[in-house]
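Before anything else, here's the structure in question.
We just call them A, B and C in the order they show up, numbering each chain from 1.
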Amino acid sequence: MSELKLSFAEVADLVSGELVGGKAELEIRGVNSLAQASAQELSFLANMKYKADLVNTKSALLLLSMDCAVPKYSTFAFIRLNNPYLGFALLQRFFHPQMQTTALHHVSAVVDASAVIAEDVQLDAQVSIGKNVVVGARSIIAAGCVLADDVVVGEDCLIRPNVVLEQGTQLGNRVIIQAGAVLGSDGFGFAWDGQAYVKIPQVGKVIIADDVEVGANTCIDRGALENTMIGQGVKLDNLIQIAHNVEIGAHTVIAAQAAFGGSAHIGQGCQFGAQSAVAGHLKLIDGCIVGAKAGVIGDVKVKGMVSGFPAVPHRHWLKASALFNRLPKIWQKIKSLTDGEK
Amino acid sequence: MSELKLSFAEVADLVSGELVGGKAELEIRGVNSLAQASAQELSFLANMKYKADLVNTKSALLLLSMDCAVPKYSTFAFIRLNNPYLGFALLQRFFHPQMQTTALHHVSAVVDASAVIAEDVQLDAQVSIGKNVVVGARSIIAAGCVLADDVVVGEDCLIRPNVVLEQGTQLGNRVIIQAGAVLGSDGFGFAWDGQAYVKIPQVGKVIIADDVEVGANTCIDRGALENTMIGQGVKLDNLIQIAHNVEIGAHTVIAAQAAFGGSAHIGQGCQFGAQSAVAGHLKLIDGCIVGAKAGVIGDVKVKGMVSGFPAVPHRHWLKASALFNRLPKIWQKIKSLTDGEK
Amino acid sequence: MSELKLSFAEVADLVSGELVGGKAELEIRGVNSLAQASAQELSFLANMKYKADLVNTKSALLLLSMDCAVPKYSTFAFIRLNNPYLGFALLQRFFHPQMQTTALHHVSAVVDASAVIAEDVQLDAQVSIGKNVVVGARSIIAAGCVLADDVVVGEDCLIRPNVVLEQGTQLGNRVIIQAGAVLGSDGFGFAWDGQAYVKIPQVGKVIIADDVEVGANTCIDRGALENTMIGQGVKLDNLIQIAHNVEIGAHTVIAAQAAFGGSAHIGQGCQFGAQSAVAGHLKLIDGCIVGAKAGVIGDVKVKGMVSGFPAVPHRHWLKASALFNRLPKIWQKIKSLTDGEK
C-alpha cells in the first residue's frame, strides 16, 4: 500500500464532493474495489452491477453518486459527488502518480549523434534512436523501443517497451504509447500493373496530438501523400488498425480491434466499440457512436449510435436483430398463411 | 530427419494403442502427414477430410481411430487407439522435444543488479531485465524480450523473441509466450471530466497460471485495481485482446483475434472461435462454446454452443441464418400474399 | 521536396500516357494530391470522390483516365492514360526510391558466428541474428529485429524494426516486412488428453516467395508438419492472422485484421476485405473476392465475390441484408395479414 494518505476532508475537496457521516480528519491510504477495500481504503460505486458488494465492503469511505440512494445498512461514511468514476480516477492519480523520469540514459541505448535529446529524458536499455530524432523534456523511452529517423517526441511522453515509431512520426506532449505499438508503418497502397502489384511509396507521416494514448500492438499507418492525424486526447485501445490518411477528431475513444479504412475522417468526441470497422474515404460526424462489431459503409451525418453491418441506427438494428432471431417462428407463420390459402 | 527412433511396439506403448498387422521390432524415425510421410515415418488419420490420402501414403505405420474402418487397400501396419490426434501429439513430442536451455546469458543481455535469475536460465541477445525481476530455473528468455520491474517468471518457461512483460506480471511454470505478445499493458480506463478523458492508473497485475500458452502479438492488459487472471492450461492463439480484470478459467482455449471486455469472467474448459467477442462484466459458465465471430452480450448460464451477434444458441442461429439467406424468397412470398389480397 | 525532376514528356513516357495541352519541356518536381499539389507537382484523379478538388488544384499537370471527361475549367495540362493510379505509383517510385542499404553493421548488432551475411547487407542497432542464418545481398535488417536460428532472407529485402523471424523461416527476394510482424510462431495445435491440452510441436516452416509484403504486427504461424506458404507478390496488411499450413496463392491481397484458419488453401489473385475470416481446411478458388467482415465456412468453387457470415454470393447478401433492415416493416405486414384473417 502507498505511503501517501488523504484525510476525508481532503478527499472531498479533491473530488469536488460533499462528505456525509464521517469525521473530516480521518484518513485513507488508498483506493480499492468494494470487495477488496480495507478499512483504510476508499471505495466507490460506479457500476450498479456491483451494488451487492456494498453489504460486505470493509471500506470506511465511499464515493456515491448524487442520485444514488444511501444504503440503510451502511457502516461507512460517504462522499456525494456527480461522477464517482471520475472521483475514483482523480484519487487513483493521487495515490499512483505516473512514472517519473530517472533522467538516465542506459549504456546500451544507441543514439545517433544527430539526435536532439532534451534534458531529463530517460532512455532505457536496448533503445535505438535514429538520425535527426528529437525527444522532448522528461519523456521516457522504455526498453527495446525503436525511433527511426526524423521522429519527434514531445515533452512528458511515456513510450512503453518495444514500441516502433517509424520514420517521420511526430508525437505531441503527454502522449502515452503502450508496448508493441507501431506508428508510421507503410500504408497498404499498391497499383496493379497487369501482372503484379506495384508498391506505392508511402511518404506522409503520422501526426499524434497532445494527450493521446495508443494501446498495445496497435498499428497506425503513415499517410500515402498527406498525413495520418490523431487528434488531441484521443484514446486508442489495443490491436487497432488505422490505415493511411485516416483523421480522428479530438477526444474520440476507440475500443480494441477496431479498424479504419484509408482516408476515413472521424469526428470529435466519437466512440467506437470493439471489432467495429469503418470503410475507407468515409466521413463520420462529431459525437457519433459506433457499436461493437458494427461495419460502417456510408457517411454518418447524424449524431447518435449506429450498429450492425451494414451499420444502421442502433434502435433499428436492435429491432431487426430481435426479428432475425425470430425468423424461424416468422417463417412458420408465413407457411401457415400459405397453407391456409390452399 | 531426427536421429531418434521408436520400434512399432514402443509406438504402441507410447500412445496406449494396439499394433495390428506389423512386426513389433520395425522402427520409425519420425511422424509426418499421410501425403508427405516416407516409409520410415509414422502417419495418422485424425481429420476425415484427408481420408483420400490413405491410398497413396508411403507411411509404413498408421495411427487409426478405434471406430474407423480399416482401409482394404492398406499396405501399412496400423495402431488402433482412441484418439489418433493425441497419439500424434505424443509422438511429435518424442521426436521434437521442446527447446532446452543453454544456461547461457548473452553478453548483450541487460540484467538489473536486483534481479534474481535462477540456475540454468538462458538469456538471449538484446534482452532487458528490470528491477526485482525473478526468473525461475531453466526458463529461456529469447532475444529482444523486455521484462519490466517486478516481473516473476516461473520454472521451465519459454518466452519467445520481443515479448514484453510489463511491470508486475507473474507467470507460473512451463508457460510459453509466443513472439511479440504483450502482457501487463495498461487497461483501457478513462473517466470523462467534462472536457477531456482522465487516465485511471492501472495498478492491478497480470497473473498467468501454470502450463498456459499465449500466442504471437496477443495482448493481456493488467487489472485496474485487482488482477487479470489466466487459469491453468489455458491456450491463447495470436492477436487476442484480453482487457483488464478479465478472468479465464482453467483449460479454456481461445482462437485468434478474439476479444474479451473488461471484467468478463470466463469459465473452465470453454472454447472460443476466431474473431469472437465477449462484452465486459459478463459471466460465462464452465464448458461453454462460443462460435467464430460471435458477439456475446449477456451472461451465458447454460452449457453448450452460442453463435451470432447478439449470440444465441448455435442451433437457433443456424436456422435463423439459413432463413436470413432465404429472405429474398420469403419476401417474394409475402408480397404474393399481399397481392393476392388486393 | 525532392531534388529529382521530370519533364512533362518524361512523365508521359514513364506512365505510358499522352501529353495533352502542355509544353513537353516543362518540369515537375514531385507528386501530390489535388488539394495539396503546388504548381511544380503533378497530381492525379483516381477516385471520383475527389473530383471536386479539380476546381481548385494548383497542380500544373494531371494524370487523367482515358474515359474521364476533360474538365472545361481546367488550367492545367494533363496526361491521358489507362490507369492514373498506376501512373501515380510509378511516378512516386521515381521521386521516392526505396531505402537503399548503407552496407553498415551497427556495432550493437549481435550476429552468430555461423551466420552467412552477404555483401552490402545493412544490420541496424540492437539486431539479433541466430545460428546458420543466411541474409542475401543488399537486404536491410532494421533495429531490434530478431532472426532466430536457420532463418533465410533473400536479396534486396527490407525488414523493418522489431520484426521477429522465428526458427527456419525463409524469405524470397525483395520481400518487405513491416514493423512488429511475427513470422514462424508456433501454430495453435493441441490435443486433449482427458485432463489437459498437450502441445503438438510445430515443426513446419514459413516460406515466403518473392515480392511479398507483410504488414505491421501481422502473424504468420509455422506449419505443424508441412509448411505455411505465401505465394509470389502477395500483399498482407496489418494485424492479419495466418494459421499453420495455410497456403496463399500468388498476387492475392488481404486487408487488415483478416484471419485464416489452419490448412486453408487460398487461390491466386484473390482479394480479402478487412476483418474477413476463412475457416480451416477450406479451398478457395483463384480470383475469388471475400468482402469485409465476411466469414467463409465452405469451399469457394466459383469466381466472384462472397459476403456475410456464413458467406454467400455478394449480390445475394446485399439483398438479404437490405431485407434484414426491413424486418420490422416486414413483420408489421405479416401481422396485418394475420390480423386480417381473424
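Just so we're on the same page, contacts are C-beta pairs under 8 Å (C-beta built on N, C-alpha and C of every residue); 3 or more make two chains touch, one makes a residue touch a chain.
Nothing here was measured: the structure is a model prediction, and the numbers come from that model.
Chemist: Which angle of rotation, from 0 to 180°, maps the CA atoms of chain A onto the equivalent atoms of chain C, to the nearest 5?
Modeler: Copies differ by a rotation of 120 degrees.
Chemist: If you list every residue number at the chain B and chain C contact, are more than half found on both copies (same) or fewer than half (different)?
Modeler: Mostly different residues form this interface, as fewer than half of the numbers used are common to both chains.
Chemist: Which whole number of Å gives the spacing of the CA centres of chain B and chain C?
Modeler: 27
Chemist: Would you give the residues of chain C that are in contact with at least 2 other chains, written as numbers and ranges?
Modeler: Each of 108, 126, 144, 162, 180, 217, 239, 257, 275, 324, 330, 334, 337 in chain C touches at least two other chains.
Chemist: Please give the residue numbers of chain B that touch chain A in the complex, ascending.
Modeler: So the residues of chain B in touch with chain A come to 108, 110, 126-128, 130, 144, 146, 148, 162, 164, 166, 180, 182, 185-186, 188-193, 196-201, 203, 217, 219, 221, 225-226, 239, 241, 243, 257, 259, 261, 275, 277, 279, 281, 295, 308-310, 312, 316, 319-320, 323-324, 330, 333-334, 337, 340.
Chemist: List the residues on chain A that touch chain B in their complex, please.
Modeler: Result: residues 31-33, 35-36, 47, 49, 83, 85-86, 88-90, 92-93, 95-98, 106, 108, 124-126, 142-144, 160-162, 176, 178-180, 211, 213, 215-217, 233, 235, 237-239, 251, 253, 255-257, 274-275, 292-293, 321, 324-328, 330-331, 334, 337-338, 341 of chain A touch chain B.
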